[in-house]
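The structures considered in this document are given below.
Next come two complexes built around chain A: one with chain B, the other with chain C.
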Partner chain A sequence: MRRYFGRKLLIYGLTFFVAVTINWSIPRFMPGDPVQSMLSRANISQPEAVEAMRVHYTNLFGLDLPLWKQYLNFWGALLKGDLGISIWLFPTPVTDVIVRAVPYTLALLIPAILLSWVAGNRFGAFAARRTWLDNTVLPVGYVLTATPYMWLAILLAWALGIVAGIFPVAGAYSFAMEPSWSPAFLASLAQHWFLPFASLFLVAFGGWAIGMRNMIIYELEADYVHYLEALGASRRLVRRYAFRNAILPQITGLALQLGVLVAGALVTEIVFSYPGLGHLILQAIQNQDFFLLQGTFLFVVIGVLIANFVIDIVYVLVDPRTRTGMGGAA
Partner chain B sequence: MALRVTDLKVHYRTRRGEVKALDGVTFSVADGEIMGLAGESGSGKSTLGKSLIRLDSRMRHVGGTVELDGTVVPVTDKRRMNAFRFHKISIIPQYSMSALNPTRKIGRMVGELLASRGVRLETAELERRLELVGLSAEVLGRYPIELSGGMKQRVVMVVSTLLNPSLLIADEVTSALDVSTQKAVARTLLGLRDGGLVGSMIVVTHDISLVYQIADTIMVMYGGRLAEKAPADAVATSPRHPYTRALISSLPEAGVRHADKRLQGIPGSPPALLDPPPGCRFRDRCPLAFERCAEQPPFAEVAPDHFVACWKAM
Partner chain C sequence: MTAVPTARREALHFALRNGKLLAGLVVVGVFLIAAVAGPLIIDYGPNDYVGPAASPPSGEFWFGTTTFGQDVLAQFVYGLRATFLVGILGGGLAAVIGMVVGFTAGYRGGLVDEVLNMITNIVLVLPALVVLLIINAYLGVRSIGLQALFIGLTSWPWAARAIRAQTFSLRSRDFVDLARLSGVRTAKIIRREIAPNMSSYLFMTFILLFGGSVLIAASLDFIGLGPTEGVSLGLMLNNSARWSALQLGMWWWFIPPGAGITAIVGALYVMNVGLDEVFNPKLREM
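The block that comes next holds the complex of A and B.
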């Protein structure tokens, strides 16, 4: 068990290392002078501010230092939580900008992922082998999964936001309000949250439901099911076992889909101008804010790695076969 | 008469048509009789076994009846059939290596299975039965993946016979085992019958010589039909059907297994069951075939308890 997780941690560590390295190299190996282009984009009029930034960036990039030293310095700063200063929101540190955006992204992602996974699996298992459901709802599921996140988001924004006018289509709360814990503000938060959440939820839900339906049908043809049925076991027991075994590949599926889901969330935030990490990425690109872009990517990578690790642990806890495969107690 | 099967026909639905895997079989098995069921791969042995307990989704009951201890077994009625399953008719399936849910500990699975049948699990009895097949009670706390193939097979044997069925179908229970374990398993089957835990048995096998040691009677199938059924000694010493003769003569004295391999000595191959030719199914390969064989021979009793389907044996 310890060896298994040791190996996993090593793999995650390596992935992180590679991701940081790539992240570091992007602005450095891009054509042109990033500092100069950032300064001109920053559009700051006071010459002393421009000079301060130039000094700061040149220092931080350490462009006069040898590459390996630049690289080590980058790691040093990173480990101190220093990701540089945002150009777009000068002079806020990138870390602060990100920390402010992260709750919005998590508030979208975590409920969308968990609820769609749970509901999709339940529903898919329920639909399997029930002909009428299979024939009516399944096609809807296929359409949903095949829909690009952006597309569904735009469709929902248009139908429920612009045409029906039920939901707002931009921001995380009404621009007329100041953030507080008042019921009115919370209601506004929920209202703004709903559409981006729903578009993420629906696409993912369709995918899980279809996957689960197919897995259950496959499980119901397994030898252990035939044996149970030959011995007259109740339908409930058979379905419970099939569900339990079909859920395992769905957990792996969750780990594989995480990246896609996160990407979907980022795109959805852009459509709804929802102030999470996706929104930051858009702003960072528009404002040529390399530090912000770097920082945001890093955050996304770290988040996905952590989530993957959690799923790995869950999988080991629920599948006895992996546990025995790890050479634990027989 | 414990089991009486009359003109049973069960076909498989496939995209290319119906595979006539069981094409009119009539036989009976007496109370306490252990019947060996032999025949080449694909002759319909498992199909017969499954037909007596549970038709899978591709199997279609075309005709015929099954009676057990004087009551009709409703093989086509999914609901009413449940009363017979496990309690009266039970099976050790050919796939018993993979018959256990991989994600449940064995003891828990057995408990849940029994509970779903409304039977209370008596742990002491279960442990006693495990001991009977040489397993310690400790296997109950293990996952199937933690057992060897032979252990899994014996677990399934214990589970299947737990409710003391009148009829047990044991499908190839020895084929995956080494010779000494095979003997032990064969003895266990005998012990189940002699101990009164199981009524009659149908022991499906490739290995005539092994089943001969425990079987009272042996029935031989060929191409979805019955070729011969007789007391084990009669089959071994005076087989009447040319196919049975080929089977027996290809067996050297002792310790020889897998009769079907040696059958390659008989030229030709078994008939396609998708569209079998009319008449005797063995005709293409039979050294004795003559004109009459274009007509299907009846499964007739040529001597007391000795049934043969061959025009030359009448």
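The block that comes next holds the complex of A and C.
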């Protein structure tokens, strides 16, 4: 088990290293003088802002230093939590901007991922090998999982927000309110949260339901199932065993799908102008705020790595084979 | 020599009777025809200002027009081309990389496998879209080809892992041992002995990679990092959102592009299940 976690942590460490290296090297691949072109692209009118940025860029890139030293300096700044200063919200540090946005993204992502995973698995397991459900509901699952996240978000916003007028379609709370813990504000928060959550949930739900349905069908062909059936075990019992075996690949699948789910949350936030990381990315791109973009990139990577590690732990808890070092699908 | 044709004939027999496969093929085929023929029939460009602004679907403009009087149908058929192109190029490249890495790692084993596996796992954990965001924002992506290139370079890992596992289970079979004993070179063993035995699996992997590329490209286009030249379905969504089609109630602007993507990718997935049933007798419905 120590070997299992050791390997995983090594991979995550290397991944973080690669991510930081990408972050460091891509601006250097940019054709021309990066400092100058960023300053001119940033298009800021305040002279002190331009000067501060020039100093910061030059410090950060340190283009006159040898490459290895530039690289070490980049890591140095990073480990101090210094991701630069946002251009869009000058002069707020990028870290502050991101930390303010992260709760919104997590509030969307975590419930959407967990609920869709649980509900999708249950539903998929239920639908497998029940002909009429399989043939009527599963096509819906395929359509859902093939839907681009932002399109479902747009459809929901249009149908339930604009045409029906039930839900608001922009922001995380009413623009007329100040953030507080009052019931009215919390209600507004929930109201604004529902549609982006629902669109994330639906797309992910389709994928899990189909995955589980396919797994169960494979499991029901396994030897242990035939053996149980031969012993005269009830259908319910057999399905329960099949479910417990089929859930393992679905846990691995959750780890594999994290990137796609995060991407889905980012574009969904953009549709609803929901003030999470996706909204930051859009603003960063529109305002040529590269520090903000790079900072968001690192935050997303760190988040995905942490989530992966949590899933690894869950896998060990669920699958006894990994615990005793007997292998399993580690 | 007779074994191969009968196996093929059997697959064809079940393929022609598989509703899922046929339905998927029909949907993809219809869109493919629209993508190929549409731009030939419509005699103006997708971004030309040809009609009245913001008019709903009518006899003259079947899909209506944008805020600027561009024909949504023209954008749609040109956008379909971009979608198929990104899927074939991006999915194809990812499939090739996945196959090279997967075959090599699975067949060679040992240190080569360790290293390739490590690389695969690292790229697998990195969220592809966010990496693409950084690359596209800095380098700028002008053409659909370039976009597909970057998508292909980031979306191969799960395919590599799956192919590696399959190769692993095939490499100790007798016919592979026999080929190795007769002194056949490694590349040829993989090409002649291993790959043909998982050709259906490889094809299905390509289909999934195709769908994945289309969806990632649509997300990138929607965020505003799409190709700067040309049209795509994702760019249509981007434009409709940017010019408040939602608030103005111009549903004909944002429904077709998303519906097109959903239909194509969904049909591919359904086709995949159908193919699975054709090649795997256990899954055929009795």
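We adopt the following convention: the second predicted complex is superposed on the first by the 307 of 330 C-alpha atoms of A that agree within 3 Å, B and C clash if a C-alpha of one lies under 4 Å from a C-alpha of the other, contacts with A are read in each partner's own complex, and residues count from 1 in each chain.
In this section, a contact is a pair of C-beta atoms (placed from the backbone, for glycine too) under 8 Å apart; a residue touches a chain by one contact, two chains touch by 3 or more.
Everything numeric in this text was worked out from a predicted model, so none of it was measured.
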**Request:** In the superposition on chain A, see if there is space for chain B and chain C together, and answer fit or clash.
**Result:** fit
**First (chain B), second (chain C), both or neither touched by A:149** = second
**Request:** Between chain B and chain C, pick out the one touching the greater number of residues of chain A.
**Result:** C
**Asked** Can A:305 be said to touch chain B (first), chain C (second), both, or neither?
**Response** second
**Request:** Scan A:232 for contacts with chain B and chain C and give back first, second, both or neither.
**Result:** first
**Request:** State whether A:75 touches chain B only (first), chain C only (second), both chains, or neither.
**Result:** neither
**Request:** In the overlaid three-chain picture, find the nearest pair of C-alpha atoms across chain B and chain C and give that distance in Å.
**Result:** 7
**Message:** Shared contact residues on chain A, chain B side and chain C side combined as an intersection?
**Reply:** none
**Request:** Please name which positions on chain C make contact with chain A in the complex.
**Result:** 118, 121-122, 124-131, 133-135, 137-139, 158, 211, 215-216, 218-219, 222-225, 234, 237, 240-241, 246-247, 249, 251, 254-255, 257-259, 261-266, 268-270, 273, 282-283
**Prompt:** Hey, which residues of chain B end up touching chain A in the complex?
**Reply:** 50, 53-54, 56, 81-87, 90-91, 93, 95-96, 98-105, 112-113, 116-117, 142-143, 145-146, 156, 159-160
**Complete:** In the complex, chain A touches chain B at residues 222-224, 226-234, 236-237, 241, 244-245, 248, 319-321, 324, 330
**Request:** Mind listing the chain A positions that touch chain C in their complex?
**Result:** 11-12, 14-15, 18-19, 22-23, 26-27, 29-30, 139, 142-143, 145-152, 154-155, 157-158, 162-163, 169, 210, 214, 217-218, 221, 256, 258-260, 262-263, 266-267, 270-271, 281-282, 284-286, 290, 293-294, 296-297, 300-301, 304-305, 308
